[in-house]
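Shared between the two complexes below is subunit A, which pairs with subunit B and subunit C, respectively.
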Partner chain A sequence: MLESKEVTKQFGSKTAVDHISMKLEKGHVYAMLGPNGSGKTTWMKLAAGLLKPTYGMVCFNGEPVSIESRKHVAYMSTEPYFYTWMTVKDVGKYYQDFFEDFSYDRYLTLLKQMELTENLRTKALSSGMMAKLKIAVTMARDADVYMLDEPFNGIDLLARDEIRACILSYATEEKLLLLSSHLVEEMEAIADRAVFIKEGKLIENVDLEDMRTQQGVSMADRYRQIYGHTEG
Partner chain B sequence: MFKLMKYEFRKTWITKLILLGITAAVESWFLVSLYMEKEDGLAASIAILMMLAIFGVLFIGLQSVITLHRDMNTKQGYMLFMTPNSCYKILGAKVLENGLSIALTGAFYFALGALDISLLFAKQGQLNQVWQMIQDIIKSFNEEIPLTSDALAAFTFSLLAGWITTVVTAYLADVISAALLNGKSFNGVISFVIFLVLNWAFGWLEGIAIRNIPNVVTMMLVRGGLSLVVAAVMYVATAQIMEKKLSV
Partner chain C sequence: MEFDANRPIWLQVMNALETDIITGRRKPGEKLPGGRDLALRFEINPNTAARVYQELEKTGLCETRRGMGTFVTGDETVIASARNDFIRQTVKNFLQRMAQLGETPQSAARMILREEE
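Showing the complex of A and B:
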């Protein structure tokens, strides 16, 4: 469904993503893991079409990401990106205007779950409320691919449970979910595959169940092995 | 396209409303001064209304360039560039919304000016004085414009089309800065130099095009038409660079 072909992105002399090739298939929930600055966000932005690759390409259903793929790929940036003049209602109306797969009813349901109201102004939202709004508006789309960059950032434990449940309700055979997070244990309960990225390079794209049964290691263990933070 | 234009308007409508509010306040001052026959108030309010007309149109164009710059250089740009719209559509909506705003603002101040002059004439009956004032205003832009309705209309068209071209030229320079020179030293300075060079090139082209046209009205129409053609070429070039190279 999503294929990264030798994708490279350089910012001046810095290489943020370095010849990453991988295939991400529908019916899976992927955890994209790596420390800050490892290239997770840059890769997601390349897949969302917000960044142009220096070399290589990301394909959606065999075609390079384009206007057409944006109709089917829902991307949630880790940074707040709503116009400051918008209310929560304006955000929903905006998505409704531009994304055919957006359901305003679903958005209202999610807002209620997240304890947000339509009249709130986005510039007045706390970081936690902003994170919830980003999730609500992204998940109110009926997309084929959901890419959520750090969806649990700034969200308290109880709300995190709700968001996890919401995300998992989308995990069907027809959809692909890709989530990045530094909360490795949190991701272990959601994902069935993990993509480890280090210094812009792909380390591995593994099935978590296979890794547990064949190597006897959890995702957190593998994370520690790769990034060097082994427990004493 | 209409939806994109709607949101372009939403981004700038507050400043347009402020401009309208200030204009309404000064117009009220003008009307009160006219009614009470206060010469000082009349002179001052007319001068301010003229300033508002000129700087209002200029500001609306500048604000559009600032909005594009913000869309390309802040995270808010994700709202625009993650929608399933081509850069041709996105930029087209900006050009159309801004062109329409400039044209409507120009037409609004033109109509307001005509109304105020009529009121001034009706109240004071000093046709020569009013006529002289109009001539002075027009001549401050161009010495050769005859005071006929077709000449004034052609002059207004040429002026607004020229400003729209300047705004689109600024779009191109800013997009080159954001898409091709991003991360390079002095990219802002380089894009400003590009803007100046493009403007100079357009001025040179315009000079050649209107050199042998003796009729002032025809000359103004050709100048305005040429401005719109150049704006269209700049638009295509800008959208193409955005489509191929712009990362937000």
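Showing the complex of A and C:
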């Protein structure tokens, strides 16, 4: 469904994404992992069509990503992107104007699930509530691909449970979900595959249950193996 | 349910269902939750949930009827034999641990009886 072909992005002399080639298929929940600055966010933005690659491309259903593919790819960035005067209701209306696949009914269901109400002002939201709002408004789209950058950041334990449940309820055979997070443990059970990125390069794209079955290794262990420093 | 992330999650969920079946918490012939329900209930990936039933079916403890879902087997001898296997395995694990501590099966048995009094 999403295919990254040698995709590369340079910012000046810095290579943020370095010849990443991989195929991401529908029916899977991918955890995208790597330390800060490893290129996860840049790759997501390339896949969302928000950045132009320096070299290579990302394809959605065989076509390079474009304005057209953005109709089918829901992307949640880490940056806050609502005007401060907006209420939760305004945020929904704003999205409804932008995206044909946005369902206000579904948005209401998600708000309820996340314990948010339409009359709240975004300015008054705590960071946890803001994070939940971003997820609700993104998942209210009926897209083919959902890319959530750091969905668990700054969120307390209980709200994380709500977010996990919400993500799982939209993970069907027809959808592709890609989640990036530093909170590896949060994703052990909900992701079935992991993509490890290091210094802009793809390290591996693995099946987590196969890895546990064959090597007795969790996603967190593998993370430590790949990124950990050997202590002397 | 809290998972041990180093062990396959399908195996841990399957063990939980097996325990429910052999202890009678889930009755012979009872309908089991569908794959999606199982995923939501245990908060696991839907592909992992599908694998739980694939593997559980191999043990004979459940059967999938096309278009109807997955059911606990109606064959009580299969359940009884799975229960025996579980008991034997539990005893084996216990004795292994006791052996590490330098106890023989005989001394372990005496200790159990003493605990009982």
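Rule of thumb we're sticking to: the second predicted complex is superposed on the first by the 228 of 232 C-alpha atoms of A that agree within 3 Å, B and C clash if a C-alpha of one lies under 4 Å from a C-alpha of the other, contacts with A are read in each partner's own complex, and residues count from 1 in each chain.
The working rule: contacts are C-beta pairs under 8 Å (C-beta built on N, C-alpha and C of every residue); 3 or more make two chains touch, one makes a residue touch a chain.
Just so we're clear, the structure is a prediction, and the values are computed from it rather than from any experiment.
With the C-alpha superposition on subunit A as described, subunit C and subunit B fit side by side in the combined arrangement. The angle formed at subunit A by the C-alpha centres of subunit B and subunit C is 160 degrees to the nearest 10. With both structures placed on the common chain, the touch criterion links A:188 to subunit C but leaves subunit B unconnected.
With both structures placed on the common chain, the touch criterion links A:165 to subunit C but leaves subunit B unconnected.
When the two complexes are overlaid on their common chain A, residue A:28 makes contact with subunit C while staying clear of subunit B.
By the touch criterion stated above, A:226 is placed in contact with neither subunit B nor subunit C. By the document's definition of touching, neither partner reaches A:57: not subunit B, not subunit C. Within the superposed three-chain model, A:94 lies in touch with subunit B and out of touch with subunit C [touch as defined at top].
Looking at the shared chain after the overlay, A:216 reaches subunit C, while subunit B stays out of its contact range.
Contact with subunit B, but none with subunit C, is seen for A:71 once the two complexes are overlaid on the shared chain. Our summary of the superposed model lists a minimum C-alpha distance of 28 Å between subunit B and subunit C.
Taken together, the two complexes place no residue of subunit A in contact with both subunit B and subunit C.
The residues of subunit B lying in touch with subunit A in their complex are 3, 6-7, 10-11, 14, 75-79, 81-86, 183-184, 244-248. On the side of subunit C, the complex with subunit A involves touching residues 3, 5-11, 36, 39-40, 42-48, 51. Those residues of subunit A that touch subunit B in the shared complex are 11-12, 45, 48-52, 67-68, 70-71, 75, 77, 79-85, 94, 97-99. Residue ranges of subunit A in contact with subunit C, taken from their complex: 27-29, 161, 164-165, 168-169, 171-173, 185, 188-192, 209, 212-213, 216-221.
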